[in-house]
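Think of it as A, B, C and D in the order they're written, each chain with its own count starting at 1.
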């Protein structure tokens, strides 16, 4: 074992987020990956299940196991849960009790309200007592809380792409909290590694389609976090679309400046405020890239990285402020962000293993 | 020559719209394709330039020629212009004078105002005297005018996907004319067959990106047509995005009902009105498909057809009416629609050669 | 019912071949599609299951039913079986007995030998007595037999792309029957509409991979048909690969001319013989396109058509004759070819409903 | 400047290989990237030209310059040439004279014979005197020579995927040197970042096509290297195909064992010899992965890595030995391999900056 490292485990390591966690943790300078679980692959080596990792020495010695929280609590200090919603709590409770830090990539601990959870996920919350304890793992917004959390709820992919661009503007009262629209485009990995006809190659390739209109589950955490930032209840319009790329989310956000906006002078003033607000919020963030000049986000520029790109335009014709963001839904939108939270929680450099 | 047919020519037949016109006209029961022009391919057969048409007998006898309006006026009764904007007028003027019907797929004759043209296309209109004469070739909206027009300005791909869903609702005053947002996603063929680095396979594949934000040229014709329908000046927000598919446009439209909307009863009433409005407008249209039940548009269901799909949802959380449409940008968004106009103009069955 | 038409049914109409049969038969001038079966979709309309056909009037009246051979025998004169191998016989036997013509798209009746079937398909043949009666439905090769057959075994997608280029040359003794290699590339629809992880979008997109090396099941019918053409036992090397396109097969065939080949003169003579052989075999075939000059096959030129493209090159450096072919695996490689056989069997123009 | 590093420059850094070199060198622990040249982008920062690198600090300080060998020789100890063939020599000569180590990614210094160069590249070799001095930069084969070379000719993408699987078997006389066939499939980045219609998204997507049949330029270096390994003149059949993925080459190689092969015992013996030969050649190579069990190469498992995967099958039906390899054409097939050679040349760990 390396000297200044911690031991980590991944429960549910066979999906796309799990696979990305494996990749990130195998190469993380401060982590030793000691356990990966998957009912389907129990007994097989990492190399066998993920041929792409076969050149890494650990891939031949590390075997998938059945998820056993007692065993895992002895094998790891930090445990990542890459499981469907509704299942994560079963593992989180005993692991927390055993003293592990739990970083959950499911939706189970992202909300404060068990009722909202029931409304959006259509079943009772499995461990409502933990909702107050958990911290929403959006590092650029909740860094201090993450540093002390034992239960980190890593944000959803769509929410990350919508929250990071909006929160600073809402906090600074630069945009109105009503009437916000988020039109989001996601690659197919967002649907997970499920054997469903709708996600077969021939069903997605050469296809563009909206889905979950008008009430996608991620609305719940988006609105909760936006409300926190605005200091009042925020309701938004959110329309996700499925796009034939493996990875990437592009969100186009339509907002209205709070300031009066009818002359070019008004516009210049608002533009300055927006620029300053973003600069202050993200100018020193390693994983938020504020695009300059005529540049617009493009998912191909951030795929396989933990970076979220932001650009914005003030439209004098409509008076709106348009904001566009791009991220890799599996990295900044899931596993990379989870590792970023782990880095914060354990006092590692925040970019360790991520660039 | 077939008995009850007309002769047709295509100027600029080497691009994607031109190629689709060739396909449609070669197989049209009432048309004889007598001339195709292309400076680049002059002298070559259709079979040589488009191997995919090589099994059609005419592909081996029909040669590309230089565009010569005198010759073309003798060879054809109807001439399609599949040219870049700014160039079409040079051909339209002499062809009209010679008695041809001209169907222009460029933007040159879509606007009534030469000033708006200058604002959006950054050069003087080349033949402003024709702007009043030309008819905007959206058959479901301007069928009667098309039937008598000699200069038909076939609509742009984005405008078609936005206008057809919005016009009936605006005419019926069911939605407000302010605050409309059109978020559109287009396949790469929309960029044309130009040798530019930005449209290379590796630059588009695995990429999602917005462009021309916030003022795309198509805004001019969209707003002119919407204003006509609303009876007042309409300004909309329009954001196009480039998506890695060959063909297809998906537009997601955000609108507000004019009626008061706070209870479920309000909602049911508005929903009935919208359903009736669409049924009345498009229930008998062969090329508009109103989706039922839980169905949402998917470009793969309309690619290679002249059909535009429409679905809508009333969102009780936000009070908005969302409308989604899908079309093939090269067929209903360009060449198919142009042929539909030709069918109307010459008294052919409107679906001739299109299904 | 139309006057000079026959009634047709499709058993197993929910997969990719079934869907393509639906498309072709809905638009066929001499066919009335009277029944489509699918256990999964029984009771639903065509419009519901395949939104893309929703504009066709029959799509709203025709409902999927459970497959019941007694009922089908009354509803249809010709029945297409689009089922997995091993299942087709259960339907073929009673349908044939009831006087239907059966066109089977599975592998069940393609071989003459029940033993070879067992070797390649790993189970006993379900109806060996029918093997002698069935006709291999490759129209360009077995047209006369097809015209009189009641049980037509429509060829596999890979076999079609390999047999059509090779059979004329083997029959003419222009190439050696030993040492032939077929390197084939297929789009993902060839795997069918099965919910398997391996065919998810993210598993196929940005992936190139060989499979079933070195003994794919299609070898059995390829070698049987090649042996018939050569007049002696032919064993070939066949390597299929999965390529991220929806449709299309590209086969690259490596053969050796029988004639001595060392000088440019030898080469010219062999080239003449090959050209003549192909011209004689396919010069008048509506669905085989012999490419001229420097052209090479490209699947994009034949997708959605029933055409197979062929090009060939004699390589003076190696003495080999390379042949390349392209087809749409679902049209010429499956459903289009099946309709072509039906046209022959019922005396319709061979191209009816196919161009 | 870092302590134990060398300074590196890239001439022609705007293409796909150049961009990948930028990525690798920016993150290389022993390299300081001091200069990047591009006529087109001279004066612009790395961040501007490649937004994806904008989060790297150097991307904002490093500007593209015009290629000036005098200046470059002062700025760098090692210079990478990522230029078209025929141009590289103009830079190599003065840089070598000035004491730089030159790693050329073009084809200019890969052959020993200026005549073969003329035959395959259709122009006179620009600096034939350097051909004897240059070392073919295939590390697994020429590691010792690379360690001492000042002019390293980094291999082509296709050659790497064909040579690494074949050379050990030819050296060990396990396969015959006659009759070898290489059927290769390449992603579109292999065509470079040239604005040509044939490589537009819509021309490549949903397309599979062979090209440069039967005499592709890479044959020259493939045959020269195979001949060296076999100890006699080797002529092979090589057919490249264009596949719609960004990156990746999959080569399927058809060879014949030298040993008599008719019984299962023969087969087992040959299989042992092949396995041992590969184990000996590549068992300890960090960038060659010998696939075990039923695994077959898949480009998605090696994309973005410097790894080449190899699997093989002995076919008892045909007596052939099939070998399949997969690599990333831009990494192991170009820039990664060039960095691997640099590591060897300067005594760095061979995997530095590559995993």
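Everything that follows uses one rule, which is that a contact is a pair of C-beta atoms (placed from the backbone, for glycine too) under 8 Å apart; a residue touches a chain by one contact, two chains touch by 3 or more.
All values derive from a computational prediction rather than experimental measurement.
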Set of chains adjacent to subunit B and to subunit C: A, D
Chain pair with the higher count of C-beta pairs in contact (B-D, A-D): B-D
Chain located farthest away, centre of subunit A as origin (C-alpha): C
Geometric centre distance via CA averages, subunit D-subunit C, whole Å: 39
Chain centre separation in whole Å, for subunit D relative to subunit A (CA means): 37
Centroid distance [mean C-alpha coordinates] between subunit D and subunit B, Å: 46
Shared-contact residues (touching 2 or more other chains) in subunit A: 187, 203, 205-206, 244-246, 298, 300
Subunit C partner contacts - residues on subunit A that touch it in the complex: 16, 187-189, 193-197, 199-206, 244-246
Subunit C-touching residues of subunit D, taken from the complex the two chains share: 181, 183, 185, 187, 203, 205-211, 213-215, 235-237, 239, 241, 243-248, 250, 252, 254, 296-300, 303, 313, 315, 317-318, 320, 322, 324, 326
Contact footprint of subunit D on subunit A as seen in their complex: 51-52, 54-55, 206, 286-287, 289, 291, 295, 298, 300-302, 304-305, 307, 309, 355
